[in-house]
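What follows is a set of structures to go through.
Common to both upcoming complexes is chain A, partnered first by chain B, then by chain C.
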Partner chain A sequence: MKDKYRLKKWQELPPGGVITEGGNAADYETGTWRTWRPVWEEKNCIHCLTCWVFCPEGAFLLRDGKTPSGKDRKEIRKIDYFYCKGCGLCVRECPVNKKGAKEVIQFVREET
Partner chain B sequence: MPKLQEMAKKEAAFSSGHRLCAGCPVPIFTKMLTRVTDYDIVVGSATGCLEVASSIFPYSAWKVPWIHTAFENAAAMMSGVETLHKVHRRKNKTDKKIKCVAIGGDGGTYDIGIQSLSAAMERGHDLLYICYDNGAYMNTGIQRSGATPLGAATTTTPVGTVVAGKQQQRKDLTRIMIAHHIPYVAQASIHNPVDLSNKIKKGIEIDGPAFLNILSPCIPGWRIAPDMAVELAGLGAETCFWPLYEVEDQNFKVNYEPKKKLPVTDWLFTQGRFRHLRDAKWSHLVQDFQTRVDQQWDWLLGRQAATK
Partner chain C sequence: MPKTIAITGNGAMAEAMRQINPDVVAAFPITPSTQIIEDFAKFVADGKVDTELITVESEHSAMSACIGASVAGGRVMTATSSNGLALMWEMLYIAASMRQPVLMTVVNRAISAPINIHCDHGDSMGARDAGWIQFYAENNQEAYDNMIMAPVIGENMEVRLPVMVCMDGFIISHSIETMEIEEDQKVRDFIGEHTALNSLLDTDNPVTWGALDLHDYYIEHRRGQQEAMYRAKSVIEDVSMRFGEEFGRKYDLFESYCLDDADRVVVAINSVAGEIKEVIDELREQGEKVGLLKIRLFRPFPYAEIAQALKGCKIVTVMDRSTSMGAYGPLFSEISNALYDAEAKPLLYNRTYGLGGRVMLLDDIKDVFKESEEYLNNGKVEKMFDFLNVRGG
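== the complex of A and B ==
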């Protein structure tokens, strides 16, 4: 872990400072920014993907699933805390949370 | 929503691990770019938050070919890319069809980049220009821009006892682009992903120049909580400060008409940058703001009725 975040020496960099791999920001951990943590529970989730489309970090991971009537669909699998910055957009925009009776995503203080 | 299910099957153009602020809604539309269309795309970014935060060396968040350029020439550069591709196709070096997307913030579009944007649109390049409007130069520390609304506090238009924030009205770039008579101009907002993805798809796939203006709240610049971005964008549409509409070959279509138009104060007073306007001393500014919003909305409805 420590080795990964050390600054590279100039001899180790590609000539011209070219980034050789697209999308390699995925190696960078932004989860350390978090002070509040969204906790997703499957029990009340309707899998509408609202949190997935609004999450700026792409921290909601999906899996293949089926609707109650048997059609193929994508479902929420879990929150990737490696990337989640804890902004709380998912907690606020979740339509089940908005109705107020049940809670799918809880927002809890990060333990230090 | 079946549309989201379709989008979920494809890979995003923008990876996780970028360093935009927590709660910044800009990645909501950058992730959509490849999800909405089957074309291969090339993206060019003008200087701005998105460009800076997505490409901090030695990392890049872009999974599509991406070029960075200066503030003033994102549109000029992408017209060059588009022309090169056209030449390659004519000389049979490739038979693939790629589409070009240029992305700029409001500083790089409303103020600095407007001449290259205007020229690219006038020349008719097959190009989609996306402007994400957060209402100031947020990347360099919240300086006023042509898109900053009346009365907003920024670091260059501070609030005092004599002056309350910006003294001028914002310019309406979408209307300037409509006046270019290009095939597609639209105004979208990040709170409505279905509408937004439809507009991005149309803008990319249409043959000819297209322009899309997206309202994208800024967490530190608007002085709001990190989870408020989507809600404030929604309020922008509800108060008609930011009407969602599209203009295809000069045919106006309003995509969202609020059932009950909210007063503009609902949108203003949820933001820290307008909090001084609560003072009765500045009520004439709020009134000016409301008048401008009403005028724009009436103009839009009139145009829609006229071109039906």
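== the complex of A and C ==
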């Protein structure tokens, strides 16, 4: 584990529970909250980015890609499980999932 | 040179506030502390202070505004009593745990019901676990002196805790006594400038106050807060010593009155100590070895120092002006704790007195010493816990 994520001793904390750095929500591993894990099936994905829009933790990471006709577009690269808290919004909102014939995002019980 | 003036306890506290000249005062008036804020509002209106006075709609809001202003980097003060303090309850803990050195006068008054405006210590004693440093004062001079020391103690970087300065409602708050008010400049030099710590208004160094703190960090923050209380004790000793050198009035963590060779000791808080001293003087003339230990600092509680001071006495009467329903009085519990490790334990018992302003006369104090003499002669305590001056016994 990186030292950044090491739990600090009481002597190391500034008084009063103050957070002294801006934007440090990025350091918080909301992934530890997860009991159900969304698993992305790349072969079924149409890269509409609906999941990326809905994800409250910004856990869908993107890459540069091309449409079938060769235009530039952003594509889903992977799910960042450091942040994914397993809320399941992506699973529910995925339009391919909604149609029901194929699954892009499966929701599976987290291995214990 | 200090000015010797005749002034009420409330007037003295308003003078202390004028001299401290805080950035913000947020208050909601309640008897018997009202005059403090009345007087101070006049100072604001007359331009004698630079303070922003916020007239809020309740004591909960008063303390909330104090916390906000303190977090924004200001030196902040308020005053209250009784149910007003009770309405601040939630925010008292938040001020302390966010380590904001808010300064507050508590003019001690009984808590309802039945509704009562007179003195007892039920209000501030109920707040003893909130994390505030608590000073108690026998008279207006001590209350004033404690308040002058309060910012130096609370704002110390090793401490950063809110400070409550308590004095008795009406008996002190409304009685005129002569006392010394120090020169404004001398007081301001003694106190020094307020230093903000992680101010919300410091936009170059953005911070978040009051964030969620779960099982992974809450206990560490509480541990640090407890440490600040431990450290406060030696800071209080240093500041009191420096105050004595500067202004000539010396304060220890508690006052020992005829304690060195005393067999029978009373432990008490606030104005009743004046009467007890009067009775001790009389009994001493008759050769009785009696003494008083008067509490000044209740939080942090100086256990070891008090145990040392009570070493050698034979019987201790602890007088509580508040009740902890279903338990001994709050002061008794602390004295009892302090004496647990003592080698030669004195006889020890608890008397509750003065609730809701019930008067204690000199004869009543004499009865207290008479009873302790009987107990000492019999070698045992008949009643561990009892009320004084209550009809029906």
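Everything that follows uses one rule, which is that the second predicted complex is superposed on the first by the 90 of 112 C-alpha atoms of A that agree within 3 Å, B and C clash if a C-alpha of one lies under 4 Å from a C-alpha of the other, contacts with A are read in each partner's own complex, and residues count from 1 in each chain.
To be clear about the criterion, a residue touches a chain if its C-beta (ideal position, glycine included) is under 8 Å from a C-beta of that chain, and two chains touch if they have at least 3 such contacts.
This structure is a prediction, so every number in the text was calculated from the model and none was measured.
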Chain B versus chain C as contact partner of A:Gly22, first or second or both or neither: both
Partner chain in contact with A:Gln11 - chain B first, chain C second, else both or neither: second
Touched partner set for A:Arg109, first chain B, second chain C, both or neither: neither
Partner chain in contact with A:Leu89 - chain B first, chain C second, else both or neither: first
Chain C versus chain B, contacts on chain A by residue: B
Which superposed partner A:Pro56 touches (first chain B, second chain C, both, neither): first
Which of chain B and chain C A:Lys99 touches, first, second, both or neither: neither
Chain B and chain C footprints on chain A, overlapping residues: 8, 13, 17, 19, 22
Touching residues on chain A, where the partner in the complex is chain B: 8, 13, 17, 19, 21-30, 33-34, 48-50, 52-54, 56-59, 62, 73-74, 80, 82-83, 85-89, 91-93
Residues of chain A touching chain C in the complex: 7-11, 13-20, 22
Chain C residues within the chain A interface of the complex: 97-100, 160, 197-198, 205-211, 213, 216-217, 220-221, 223-225, 227-228
Interface residues, chain B side, partner chain A - complex: 1, 4-5, 7-9, 12, 14-20, 22-28, 31, 54-64, 66, 193, 225-231
